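Notes follow the structure.
As written, the chain order gives the labels A, B, C and D, with residue 1 at the start of each chain.
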């Protein structure tokens, strides 16, 4: 069970300029990485002998109004330690490499982010219609400033 | 003392012939009378069996089964019938109309035609064909044709799969079925049902004791014949939605539904005639003994359905050709030696 | 069989014929009400409640209701669960495949008018009656098995009041 | 074999469509089949996508909980637990002892109820109709227990941020103890009906094998991962709440076929029963909710909490910006990854095996579509 200090030290050594540790409210090992090195980064943490972070829990897209954050959550079955990886992609027409070639499980997570946030995943096997109806033409709905034809906002009741 | 229906019928027969009608007319009336009685009996049996299966399945599963329509739901099947009678009779456009129309008719007619030579009681049978068993097995294979017609004509992938599966299953289970019956025929030296029943006067020479293996093979092959229980692959809800009768609604579906239960009763009636001594029994009237034994076998087959999971298609075929058939041949050889 | 709809007309002329017509109507309605075969179709949480209603403690079979897998043989459709825009055309096609005297029970808040997903959701159809005619609306999220039974009894009463109609004729192909 | 003419292909495509008796809800499997053998299966999802994550962005924390009950409606206690766990980690709230024990009792009873639904629908898909009715009969007693405490049979809305909403009534303990004592014999009944049944063995032994490598690649979790031989249970490997005070084993399979997944879940039924028994014995007294301001406003923060529910790892990623509403809520269910691995396992097996394999993955669709 490598503690968070050694994990971050290992990562920063491997990618000196593109990876830096970040502090989040409940203390956890979190890293901010440059979107260009995504594939190499995941290749490294999956195969490194004392990291072995092969188990991808989930990828979530977050619309931060200035850009779109993509947050990866990984853990290792042998060493039982966890890692949060954050990257930034610009809001309109953001592009990032797909990691489904490294970890097959990322396929559907990325496909959903592509559909709901409009982030382009280069090299993804099938970026096609996933959750939304087939004749959907109103753009990615999960963006905060999105409004659609029959979208009813809940009126504010105090609070 | 035992109120035999046959004596009543003889009185009616004598009265008709005494009317001085031409001979061929008298025979015609008697034949039509017999056919009408068997038709009535068949419909009564279907009504009873459908209700009985739903009550039995309910009590197997700790629930009550139909209760609301009449006392303990005895009117349930009549209500189902009248409702199906009113349903819209959909014939989809993309369907091969003639074949689609005639499939349920053939299915019902073939399983009903086999009732002709069932010995219901002491000299109480519609006809006594000297090739009784052969006639029954020959007629019931028409059901396969109708299932194939239904599967092929309703132009639906699931129905096609269901039809193909049912054809493969029934044809392959026909072989051990007839072989298991051959053991009995070797013993009685005659194909006629009445003769077979005649050979089983005493309880100890019922064929279930002299041919236990034959009875078991017959029972297994019979459940496969009627597409029920562990072998109900053609209309497996989980895989093929509703198998071959997916496109049928209203009365056409009712015909398939009734044909299934007619087949169920027919198979158990033949089991009773061959292995359980037909209508022989101590006190009760002979036709009552026949019905009681037949309903016992029906109960066992219904019991299979609500306990066993379903076999896969290739396992079913393997079980038939690699396990049941050698056993049937062995049983035939043993019967040959035993009753030389 | 176009005769059923002409029965009341003929019956008027015969003395005492009206009694025959009304009793025939009562029998047909009673049989349709007491043997409703429901279509096995549930999308969300209400499907679990429908399964529990079909099980031993609250038994549907007591009302003669038996589940059928194919829409052709079903004459009652429980819309149990949320209907999204992607699912709506399928629900409509399923409804059209059912044979004519067919009834729909909109089970649960989502089927009645979108339920808890009415506000702020871009993918939920606001009520199934926008696409298919509904006979009985059943509120609740999910409705208790007893209230599901109550809905079935309400539907049975509605069927018992129906007039003589002719469904099985082939006019409409 | 003769080369088929151009355009003419032996294979045909079948839609195991959104309405199908064995798809546990609304999943559409596009099967390309050659006779009975499946060439490839392509899952089409989204028929139950209700945009829960979009709705939760406009709801306060207590308002989100009823919505999460509808997210995963077979074990909705676990969705409430994971959401409250995440919120409590952000706001660093200490949950009192009695509330922790009540949560454990409810969670494990909910796991038993979910496994019973699995056992029922799994045996229904293999054609055995009666075990379904027996399992639902047991589940009704658990429903009574839940209804006694939180008033609703399916969507409980019982666990709140910082504790639980109500205390258990006095007739809860005797009924719960009676259930716990009799449940072992009930599981023996199911095993008697299914486990030694030769037809059941023939249908499940080394059918639909999901081996260790496929599981790790696709992030499978819970009974599917344990059936493949990986001993990974979040209750022990990523401990949360007070699971370290209870003794329970982690049942694992060997090959990862339909039989192993069935046996892992049946043994888990017995383990959960033991946990509930121990929790009922050690149940302390005390208040059931932490002291908090009525309006829950957590500080700025971000957390991904995950728990072990009956279908695997259920995760909840909350980003809070200090207001009363979560800025972003991302839910991860076990079934999402289990549906993803179907095209990897489906080619080459028969349609009956695909139905058995899909039922043994115990997938329910709201977890996939959210």
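Just so it is clear, contacts are C-beta pairs under 8 Å (C-beta built on N, C-alpha and C of every residue); 3 or more make two chains touch, one makes a residue touch a chain.
Keep in mind it's a predicted model, so treat the numbers as computed, not measured.
Asker: Treat touching chains as neighbours and tell me the shortest step distance from chain B to chain C.
Answerer: 1
Asker: Comparing centres built from CA atoms, which chain ends up most distant from chain C?
Answerer: A
Asker: Could you quickly compare A-C and A-D and let me know which has more C-beta contacts?
Answerer: Answer to which pair has more contacts is A-D.
Asker: In whole angstrom, how far does the Cα centroid of chain A sit from the Cα centroid of chain B?
Answerer: Roughly 64 Å, centre to centre.
Asker: Between chain A and chain C, what distance separates the C-alpha centroids? Give it in angstrom.
Answerer: So the centre of chain A lies 46 Å away from the centre of chain C.
Asker: Indicate the whole-number Å distance between the mean C-alpha point of chain A and the mean C-alpha point of chain D.
Answerer: 24
Asker: With chain centres defined as C-alpha means, what is the inter-centre distance between chain C and chain D in Å?
Answerer: 32
Asker: Give the residues of chain B that touch two or more other chains, as numbers and ranges in rising order.
Answerer: Only 61-63, 237, 241 qualify.
Asker: Mark out which residues of chain C touch at least two other chains, giving numbers and ranges.
Answerer: Residues 40, 55-56, 69, 84, 86, 119-123.
Asker: Check each residue of chain D and list the ones that touch at least two other chains.
Answerer: 21, 46, 49, 51, 54, 57-59, 133, 137
Asker: Going by the touch definition at the top, which pairs of chains touch each other?
Answerer: Every touching chain pair, ordered by label, is A-C, A-D, B-C, B-D, C-D.
Asker: Show which residues of chain A lie in contact with chain D when the two form their complex.
Answerer: 24-26, 28, 54-58, 60, 62-63, 71, 73, 75, 77, 80, 82, 84, 103-105, 107-108, 129-133, 141-142, 144, 153-154, 159
Asker: Under the stated contact criterion, what part of chain C meets chain A in this complex?
Answerer: Going through chain C, the ones touching chain A are 84-86, 118-123, 126.
Asker: Which residues of chain B touch chain D in the complex?
Answerer: 57, 60-63, 157-158, 161, 230, 232, 236-239, 241, 306-315
Asker: Show me the residue ranges of chain D that touch chain B in the complex, using the header's touch definition.
Answerer: Residues of chain D touching chain B: 12, 14, 20-22, 36, 123-130, 133-134, 137, 193-194, 197, 199-200, 202-203, 350-353, 355.
Asker: Within their complex, state which residues of chain C touch chain D.
Answerer: 39-45, 47-49, 51-52, 55-57, 69, 71, 81-82, 84, 86-87, 90, 94, 116-117, 119-124, 141-142, 144
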